[in-house]
Amino acid sequence: MTTMTNTLAEIKGLSTYFHTEEGIVKAVDDVSFSIPAGRTVAVVGESGCGKSVTALSVMRLVAEPGRIEKGEIRFGDQDLLRLREGEMRGLRGNDIAMVFQEPMSSLNPVLTIGEQLIEPLMEHRLLSKKEARAESAGLITRVGIPRAEEMLKAYPHELSGGMLQRIMIAIALSCQPKLLIADEPTTALDVTVQAQILDLLNGIKAESNTAILLITHDLGVVAEMADHVVVMYAGKVIEEAPVIELFQNPRHPYTKGLLRSKPVIGRREERLYSIPGQVPQLIGLGEACAFADRCESCLPVCRERRPVITQGENGHLVACWLYEEGVSRDE
Amino acid sequence: MAIYVLRRVLNMIPILIGVSVIIFFVFAMTPGDFVDSNQKLTPERQAELRALYGLDKPVLERYFIWMGNVLQGDFGYSMQHQIPVTSLLNQYLWNSFMIAVATLFLTWTIALFIGVFSAVRQHSWFDALVTLGVFATMSFPSFFLGLLLIKFFAVDLHWLPVGGMISTGSQTTGWAYVWEVAKHMILPVIVLTVLGVGSLTRYFRTNMLDVIRQDFVRTARAKGLKEKVVVYKHALRNALLPAITLLAFELPGLFAGAIITEKIFNWPGVGQIHMQALEIRDYPVLMGLTMLLSMLTIVGNLLADIMYGVADPRVRIK
Amino acid sequence: MYKGWKTTASLLVASTLLLSACSTETEETATPVDLKNSSSEVTLASDMSKNPEAAKKRNDTFIAGMSSPQGVFNPYFYHNGWDGNVTSVLFGSLVDVDKSGKYIPSLAEKWVLSDNQLTYTFTLKKGLKFSDGSPLTADDVAFTLTMLHDKTYDGETDVSQVQIKGGQDYKEGKATSISGIEVIDPLNIKITTEKVNALSLQILGGPVLSKAYYGKNYSPGNLDHLRTLHGAPVGAGPYKLEKYIPGQEVRTKANEHYFAGKPAIENFIYKVTTSDTNLQLFQTGETDYDGFTANPDNFEQLKSLGFANINVMTSSAYSYLDVNHKRHLKDKNVRQALMYGIDRKQIVDATFRGYGEVANEPISPISWAFTPDINPYDFNQQKAKELLDAAGWKAGADGIREKDGQKLKLTLLTRKGNDALITIAKQNLQDIGIVLEVEVMDFNAMLDKMEKGDYDLSSVSTPGMVDPAESAQNFLSTIADNGYNNPAIDQLILQGQSTLDIDKRKPIYQKLFKELNEDVPSIFLWYRKSMTAHNGRIQGLEPNAYTGIIGDLPKLKIQ
Amino acid sequence: MSANAGTVSEKNPGVRAKSAKPASPWAHAFRRLRKNRLAVTGLVFLILMGLFCTVGPLFSPYVDERVTGANFNRPPSAQNWLGTDNLGRDILTRLMLAGRISLTVGIASMLLSVLIGSVLGAVAGYYRGIVDQVIMRFADVLMTIPSLPLLIIMGAVLSDLKVPSDYRIYIVMLMLSILGWPGLARLVRSQILTLSQREFMQATEVLGLRDRRKIFVHLLPNTLPLLIVVATLSVAGAILSESVLSYLGLGVTPPTPSWGNMMDSANSLIDFQKRPWLWMPPGVAIFATVIAINLLGEGLRDALDPKMKK
């Protein structure tokens, strides 16, 4: 984080729990990282690791039975968690916008694309309906869809997934947000379409200096998009580093595993590596390191206490006993 | 679209004929007839009367006679009222219709608001109370509800009339008349609304709960829209879609009358005529009314399908 | 299923309607009502200051409640007793009934019966007019009777019972007029019949239709014009129709041409009420008179109002179990066993709580033909068992009686609302070894099953009856379709009908009813009471089982 | 670069197969249901109600009581805990006996009509075209046939066939369910029409699932919320309508009690105000049963609903 001077948003000690019948699920547990203006921060991890909930927490859209328990989300000079609902609403879709995973279900099936596109324009930029329509045609063109006028009159079910995701991006861009949160924006799409969408996002970042918080499980996407990477596991940040540093020099055994399971062109292996075991239940996690059971280099201390995230060189942070000084490595 | 509607309308003809056959035979098979209901008659006079009414003919022949007359626009004479079925229904149908429309409007509005509100606040006290209330109205005899309202508002407070449609012997006209009828409508409409609003509320709540969990509602929130817009524009529109089917069921209901409420409040509606006609086996009235309701059912279903196509772009009829 | 639920719900509604329409509720705190020899018991208003404003303000209008008029205001065409009530206000009859059920002259000055009791000569009062001001003459009477013989006449008056001479020929189109009807002059008409029948006077002396009004365009076989006039009646009753509002009210105005003078109360309105709320309507002063289900609850309630004059009277009808004489019950011993074996007193008390009494003969105690000198069939199961044994029904291994390998199982048809009867009779009969299978059904379906003879017992009531002959003729072997056939009884019935002199008829009927009590052609159950109340400001009203309020209507006053 | 590669999530089958126990969806649903306190309350209540009605009368001294008409309309007391009715019978005992019939009738007829209605509605909505036309037009016709005369005829037929009066109610409820499906079928159909456009159905298309699986595993469970509402409402409807049927000779005949006819026998304002013990017990029994079924139903929905699994 040394190189980052201009911080747009900073998440500090964020904890979001789900209060279920079975018990409290600590989906996001004491997570901290920051997003510099105009940069792309990727949050990676297996599904269920809390990365989507982190994104929703930033939007303050965590649904029942989830609740943001504590922490701070600084955006500019305000703490988002302390804003009144009305003020927060004024930021959503305006300064902070979000693109979701499932474009097919994320648009209202009974409203036309046009109606859904003009809403934030009228709400935040106080445009008249007519102005908003004109503006939204421009947006559609901007996200690379031809025949904008026709598009405005179309219903979501008439469009393909890739088109819909472009529309979602257009909606997100409509008020020139400072921060764009993209929650698995390409997961549900065809491979070829994925690349186009990523290109589009990259272009936007370049054009309008929008910061992007990219949520993904796909290391390929990370490599292509991110400036900075946050790795989450079981609701916690376990490693954080600039993208090149992370890919070249992963430190946490989990990150290493992730990178090993990624096929590399040109190298043949009998079968793809996969991390043994599965993501632990988030209820009643003990004091141990959550990854201990799956870890190939597990230490006795790992089963007793949880490591704290610590700053290393090259802006590299990691939460692992292996890198703590004075820890006995003997079995 | 036009072709679809035309095809469906043409489809209705064989259905109506089929329905008329079934209904006619159902009534013909019902034990007992109009003449039976007068115990004072001697068997000879009964036979004479059956011949006069044509009740002694074979069912098939009776059906064709009836059908022939219907095709000429003649629905026959009410045996007990001694006037054409159409004028009889005309006397009572609109009274029921008035109440039904008012009730329909109130029921849907109230159910919509309560249903949506309790869905938005699922698991709140309000929601729990509404749920209890809904089931309480279902288990509480409507008969008592009517009597209670009468006791309270009419007998004790003298605010509203006990029953009827106008004050006895009243000579009012114009707006005074409208006001008088409106006053008499209040209590029956309340009873019917309470009866109907429960299940409908439940229905809207469920639909709303289903919709509110969907992704596009989250999108709408993420756009920073006001909660009102999110709920009433984005969620509600979708939650209302399945309700269209329900609305179509209401069409025949508008003309069917509500027997118990009409009775308690002495409302001159068609429900009581229907019941009397059935008790006394006044076939022309039964056939006329049932055919009318059948037709409305079929039209209602057709309307539902068309409206559904219009309202939901995904199943729009091409 | 949403719809399904709704339909079942409205079904529910329907039943409640019907239930309360024919309910026989039972209540506690039986008020001491003297059951014996009390045709009418009056409780007068105690505190007229409680009279509601609505009633006090109405100084020229009398509002009576009734169930459901249907707009057929022609005394010969209506199908519904309530329309009958309306027509008796609008139409005058030659002969009326007084409060003891005897015939008295009304439009007729007098009638003379020939010695052979076949020819009736009616003399009309002078100067009679219909409500439209046109004169009422013997021609109108002749027209009325002729019309009843028309072959397309489909009303419920069965004029063939009278057997007017030449009537059948007219009906069959063999004659253009009826020879037995002879207009002597405008005031006198002679009618010749071919059979002596005590019931004839009721039909011959009935309401008079105006020939000028109803007979316009009349030709034999064509009553079409007449049928269009049901909503616009012209008669010679105390009131004339002002307006009929379907399902709501029938407004009438005093008839200035009424023979006994224009009634003092200008407006008389029949308002539609139901048994569910007629008490509330009466309480708020919206009605002046209504009939209520007779039970202690309603009585107490009415009494507490203070402004109500309450009338409790025994009805002219009776209830019974119709017996199918073609099966097990053709044996008199078994029928008598049922009379002894069922605790009818308990059933009546449980059902009416003081507002009904056990019946032992087929005539109301208020009739002049009633005889107290009969077997009361007090509950006695020992006697019932002996009678069954005598009839050859012996108890089988399971306690159920059998004969010739057949078990003694009886099917009882009934409408809903007879819980006490069903429950108590079933357990009583079980005690004496009889199985009672109960079937609850809709009234018309029940009549249909009776017609087919597929039953043993069927719970029914008679309509209100004026003349004992009306009740008696149901036991005539040519009329009874339940298979009852007793030549001795037939003879007594015909004898009772064949004279019109009450003094002569009385011993005949008393003998007949004693015989019927012995022979048990049906299981007699009860006489029930009816209860009416009227606002104390209405003066001169004494409702009666035979005439209701109509007898007093022309001379009522409002205080 | 290939975005499909390098994923960490469930798309890698190796991860799953090693650890997850192959629990069947039903077992899973049952586990979830057990954890839902409200649903368990509902279920326990229904079981208790069932026991109350079946076993309860064994402990009542009034089951074989003779009816004399004495001691009628008595308020609750030490002898008659819930008072006596208009013929002097113990209301608690009658309430228990009545429950046997009302519960059977209510729940059985609900299950049957929901079964028929949802299957036919789903088939019509899924296949559309000719199948849809045939089913829905047939439903149109059925919906227009008036039920009252039909019931009267049915009563006559059953009476002619000498079916014992107390069994008729079951046959009639069966018939009513068979006739009552069109309304539900239409509702289910319209939901299916919408659902089959949703993305997850397009997925099943891609997976090449068999129709039967698509309808019963993917489509119908999504109409469950609706079915539960309809089902709970129809239980109440069926229990109440039983008393109507007895008017037509199709319900139970007196003296056999049912909750519906117990409520029915209190029928005036005076009964309502002065003798609440006549109508409250059956009213509360119906109310509580309906609530219990609803709680159980909602629990079932949450347990089975694929959308709730997170």
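Letters A, B, C and D mark the chains as written, and numbering starts fresh at 1 in each.
Definition applied: a contact is a pair of C-beta atoms (placed from the backbone, for glycine too) under 8 Å apart; a residue touches a chain by one contact, two chains touch by 3 or more.
Computed from a prediction, not measured in an experiment: that's the story for all the values here.
Taking subunit C out of the picture, touching still joins the other chains into one piece.
Nearest to the common centre of all protein CA atoms is the CA centroid of chain B. Contact tally for B-C versus B-D: the pair with more C-beta pairs in contact is B-C.
The geometric centre of subunit B is 36 Å away from that of subunit C, both derived from CA atoms. Centroids built from CA atoms put subunit D at 24 Å from subunit B. Between the CA-based centres of subunit A and subunit B the separation comes to 54 Å, rounded to the whole angstrom.
Per-chain Cα centroids separate subunit A from subunit C by 87 Å. For subunit B, residues touching at least two other chains, in rising order: 30-31, 141, 143, 147, 151, 199, 203, 213, 241, 246, 249, 312, 314. In subunit C, the residues that touch at least two other chains are 2-3, 5, 9, 12-14, 16, 18, 276, 280, 442, 445, 448-449.
Multi-chain contact residues of subunit A (touching two or more other chains) are listed as 102, 105, 109, 157. In the complex of the two chains, the subunit D residues touching subunit B come out as 136-137, 140-141, 143-146, 148-150, 152-153, 156, 183, 186-187, 190-191, 193-194, 197, 225-226, 228-229, 232-233, 236-237, 263, 267-269, 272, 279, 283-284, 286-287, 290-291, 294, 307. The touching residues of subunit D, counted against subunit C in their complex, run 66-69, 72-73, 86-88, 113-114, 117, 143, 147-148, 151-152, 155-156, 159-160, 164-165, 176, 179-184, 187, 230-231, 233-234, 237-238, 240-241, 243-249, 251, 253-255, 260, 264-265, 267-270.
Put simply, subunit B touches subunit D in their complex at residues 11, 15, 18-19, 22-23, 26-27, 29-31, 131-132, 135-136, 138-141, 143-144, 147-148, 151, 199, 202-203, 206-207, 209-210, 213, 241-242, 244-246, 249, 278, 286, 290, 293-294, 297-298, 301, 304, 308, 312, 314-315. The residues of subunit B lying in touch with subunit A in their complex are 122-123, 213-216, 218-227, 229, 233-234, 237-238, 241, 311-314. Residues 1-5, 7-9, 11-16, 18-20, 23, 25-28, 276, 279-280, 297-298, 301, 346-347, 349-350, 416, 418-420, 422-424, 426-427, 437-442, 445, 448-449, 454 of subunit C are the ones touching subunit D in the complex.
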